[in-house]
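Just below sit the structures, each encoded as structure tokens.
Here chain A shows up in two complexes: once beside chain B, once beside chain C.
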Partner chain A sequence: MSSLVLSPRSKTHTVRTTAIPGFGLTLGYTIVYLSLLVLIPLAGVFFKAAGLGFEGFWHVVSSPRVLAALKLSFGAALIGASINAVFGTLVAWVFVRYEFPGKRFFDAIIDLPFALPTAVAGIALTALYAGNGWIGQYLEPLGIKIAYTPLGVIVACTFIGLPFVVRTVQPVLQDAEKELEEAAASLGADRWQTITRVILPTVLPAVLTGFALAFARAVGEYGSIIFIAGNLPMVSEIAPLLIIIKLEEFDYAGATAVASAMLILSFILLLLVNGLQVWARKRHGGSR
Partner chain B sequence: MDIKVRGIQKNFGSFPALGGVDLDIESGELIALLGPSGSGKTTLLRVIAGLEFPDRGQILFGEEDMADQPIRERRVGFVFQHYALFKHMTVLDNVAFGLRVRSRGERPPEAIIRERARELIELVQLAGLEKRYPTQLSGGQRQRVALARALAIEPRVLLLDEPFGALDAKVRKDLRRWLRQLHDKTGVTTIFVTHDQEEALELADRVVVMNKGRIEQVGSTDEVYEKPATPFVFDFLGNTNVLPGEVRGREVYVDGQTSAIVTDSIHAAGPVDVYVRPSDLRVTDAHAAGFDAVIRSMQRTGPIVRCEATAVHSGQAIEIEVPHLHHDTQALRAGQQVRLRLNQFSVFPRQTRKGGGALPDVVANAPAEYRERGRS
Partner chain C sequence: MSTVFDTTLQDPPGLPPEFGQGPLMRRNAAVTEVPWVRWTLILAALLFLLGFLFLPLIAVFVEALRNGFAAYFAAITEPDAWSAIRLTLLTAAIAVPLNLVFGVSAAWAITKFDFRGKSFLITLIDLPFSVSPVVAGLIYILIFGAHGWAGPWLMDHGIKVAFAAPGIVLATIFVTFPFIARELIPLMQEQGTEYEQAALSLGASGWQTFWRVTLPNIRWGLLYGVLLCNARAMGEFGAVSVISGHIRGQTNTMPLHVEILYNEYQFSAAFAVASLLALLALLTLGLKAWLEWRHGEELSASRKH
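Our next item is the complex of A and B:
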């Protein structure tokens, strides 16, 4: 009898500061993990590049060939991600809102760019868009050359980025109740007003997330692009390829300098997109 | 705006959601569409709104046929069960939405839109919350924003789909009373859907009871409760005991009894089902008209005592509700056999398994003051 009374009292000795246990342990793991996988390798890049001194670094980065490569890498990635933001949202809309035969099949196809080895994708795209390819042969007479030009880089960037936008927007659209559209219609809004004033603002944060992911993937993409780009210096040479070239010439400091420049630029751009997302989400009243 | 529903039919695939519905709603009325899920009440509301289009039939707003008009042309205020507020807009922007999307020629200046939205927010008692986002409001507040938003377009009719369904009991009661006051103030013709008979009876001027895509009965709250037209209506509006009985002329014999209840409102003959509410059964002296039952168990829940009993002749399980401290309860004990009097009841033709009642015209509702006929 007395032991029954005592047992709950003994429990009160262990004082819990938070309701969720294991904070210290999990945070420790997180930091070790991030350090090993991300921070230490990246710090190594900057460390190696630092060997050049600022002047040497600037000399490498501001050389016309590197500048052209960086411009192409970031420009093509931004254009590709923008195209995906628009059409990926459209694709997600179709999959969420309509029923059609083969829907599951097409839905599965969306993920293929995730799974396909990038080299395979690059070779396939090149074969399609080359002057004698299935699609290229019709574009060539019109004066549009895709393979072995910057256009080809954009095509590859768009291809690999598509699933990111579709897969981030899809669940949000699914959640955005049909009732929202019905409510807008009952209040007198036409189709266009409903889409621009109700649906798009609702999915905007998700579109931005998809955009950021697609962009990040495209900037770092190597395998699929080098096949279709043709890799002409100053024209269709991407920055990751330039890094490889410099490595093959044993110019490790130069390679890490280009890599550092890419890292800094990517970081700034992702930070910007993040800021946009925070802004868009704030308009939702700070929830979700 | 008065509304006429004429012969509306609507199928979802092979499922008949509405099978020929006719209904007249007068201007300024507050009407409840009441029924179980799948009864077609929400479909009917959505057809009136223009969110669904009927396969056949007419919807008239006044004299104007609405059949081909989409919802945005109909000027109806629609309130959804889960509010459907625009989450990225403040309360004020939500309420102003209907005015802002008007075409340039009809749109009032921004200052007037804001003024009007503020008035409506005040009307729904949310003044001071204009700048909040929907996620920062409670369920009851959100539903009031939805109502203000619907009223902003000066709707010809206000349609509410289970407006209180997602709220807890206390808030629901408050909002119900508040909606009634709001309706009396604005006078907008209002139709709301509910599966809660208490809500329908408390709030509405008239109740439309629906079942399986058809209207079972339309009437004032008293009418549907006191004089249910069909067994379904009787059953749906409250707890029910069903006893076998027989009608001969104006005499009703309940549960194989030899003494009859006599009432003027019954006129036919044959086997019937006698419907009586647990609260309309009273213990009476052994010689009065009624039927015999054995008390099985008694349980007090708050102010009433609930008795489980078994009818002696048919073995039918029945339920009796007696106010606590009523003199009936003093003498009651489990296992005791008692004579029960029916204060009020309805008779319907015996429900046969093989479809259709045997006696289509035996429908009656006996008032409390029936006569008793001699014992035999």
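Our next item is the complex of A and C:
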């Protein structure tokens, strides 16, 4: 469908573009600026890590403290992104399909985690979920401790990734044709079947995209986590914090090793999610 | 749409009782949920948003004012807070315009011309979004730190980058790098090149075409990108924390000042400075909602509501 729309346009595009000036200037500037500020500095991380050799790299990465930190960062990010996949889809559904008072306000506030500085989010979440906090004081008698435990890391990961799923699923639901649901219903499907067989497959690729974005953001998150985590080595210490600790000890090589392990792991995971997305699109999505 | 069905269509009179609510109502019921399910879902969604978004926001202001207005104003007017505010404003004032020029330039090259490797270039521009802010700080320490590649040489020549304002600006540019380009690329893609072609064929120069034709067409999208870029630039914590060296009164931005106060158990002072940043976030969200509502047609498709 999209190729039908695009192909005639891109043909005229190529023919006409010759008249527009500034190609060399803008592309040249873009590439120089990108290289100087992003690509060369990032390559430096791998260059430095390569200086360690595989042995040295493995020695750093396989130490129990680093392994625990990586496990926590990736595990909490996965759980947070999963919570967001479920509740983000629910929120998007409620926003698109139902009317209720305050909808506009809540819709505008969804992007708060993008706009609120992470340090502010961190101390605010701690104020809420600490043992004497607004919410924490009701959970503590039940034996649930959130702040200063791995649970707190999950709470922060959920907060920071919240807008991604909502904002990727919302437009897809908006465009989804209600006629399809009516057709399913008129063919005898009950509401549950319509939701699981018609609506869910349509939004699944968008949910996965949002999940991947939320996960990527949460893995590297630092500011909102360190206040609520308590930062106990081996228990609630995240990988980015470990990088900072190693830097403060002037262990540049160690810090770089942890950083490259993080970059490689999230790259592999994003590739996996990408593959999953392609699969979901092929299996259910059709033109989407 | 369902409400239209509910109000305008009615069952024909004298319908046999086995039809229950009537065929039209039943058909409608098949594409929406019964009220109790609907309200349960709404309640669940709102409770989730309440616990994770709304209450944290309220908490910032309540905690900030816990010791009264006098303490609040004292916290945000003390010299260290002021120097943090100044450095934050200065950082954003440098980083945002630089990324603005880059964003416009990148969007122009990508959307007005066809060349090989375009989608790869877009992926590279997005790269800083998938790098941890801490790693963003680390890469500049590796280059400009005291044991870095360029650090010692620069220091010999009296230039300090790491643990000084230039490093903070660099790290901020890195984390806010894609914002404006990302906003402009889909928008300019949708707009095509027809207007520019027309202006050029009527004899306008390249710069005239840009200033008089392209810029007015993309101004709201540009403002949208600047808004998001600025919010992140002023609020960045991880990257700046790595490279700043936390020198109080000198290399402290507002988020770092919040951290220092918090770690010194000056909670209400920390929340007072944090409340300024929260106000900035609210202002950003308000302007953003206004742009989507008032100028939605002039934003890229993904932003129209």
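Everything below uses one rule, namely that the second predicted complex is superposed on the first by the 245 of 288 C-alpha atoms of A that agree within 3 Å, B and C clash if a C-alpha of one lies under 4 Å from a C-alpha of the other, contacts with A are read in each partner's own complex, and residues count from 1 in each chain.
Operating definition for what follows: a contact is a pair of C-beta atoms (placed from the backbone, for glycine too) under 8 Å apart; a residue touches a chain by one contact, two chains touch by 3 or more.
These figures come from a predicted structure and were not determined experimentally.
By the touch criterion defined above, A:Leu90 lies against chain C but remains apart from chain B after alignment on the C-alpha atoms of chain A.
In the superposition on chain A, A:Glu177 makes contact with chain B only, while chain C stays out of contact range.
Contacts of A:Pro117 after superposition on the shared chain: chain C is touched, whereas chain B is not. Looking at the shared chain after the overlay, A:Ile243 reaches chain C, while chain B stays out of its contact range. When both complexes are overlaid on chain A, the residue A:Tyr98 reaches chain C alone and has no touch with chain B. Counting the residues of chain A touched by each of chain B and chain C gives the higher count for C.
Residue contacts after overlaying the shared chain place A:Ser186 against chain B and chain C alike.
When both complexes are overlaid on chain A, the residue A:Pro201 reaches chain B alone and has no touch with chain C.
On chain A, the surface touched by chain B in one complex and the surface touched by chain C in the other have residues 182, 185-186 in common. Of all the residues in chain A, the ones that touch chain B in their complex are 177, 179-180, 182-190, 193, 197-198, 201-202, 283-288. Within the complex, the chain A residues that touch chain C are 9-10, 13-14, 16-17, 19-23, 25-27, 29-31, 33-34, 37-39, 41-42, 44-45, 48, 87, 90-91, 93-95, 97-100, 104, 106-121, 123-125, 127-128, 134-135, 155, 158-159, 162, 171, 178, 181-182, 185-186, 191, 194, 216-217, 219-223, 227, 240-241, 243-244, 247, 250, 252, 255-256, 259, 262-263, 266, 270. In the complex of the two chains, the chain C residues touching chain A come out as 1, 3, 27, 30-33, 38, 41-42, 44-46, 48-49, 51-57, 59-60, 63, 102, 105-106, 108-110, 112-115, 121, 124-125, 127-135, 138-143, 145, 147, 149, 170, 173-174, 177, 192-193, 196-197, 200-201, 206, 209-210, 228, 231-232, 234-238, 241-242, 254-256, 258-259, 262, 270-271, 274, 277-278, 280-282, 284-286, 288-289, 302, 305. Chain B meets chain A in the complex at residues 49, 51, 70-72, 75-78, 80, 82, 84-88, 97-98, 101-102, 132-136, 146, 149-150, 152-153.
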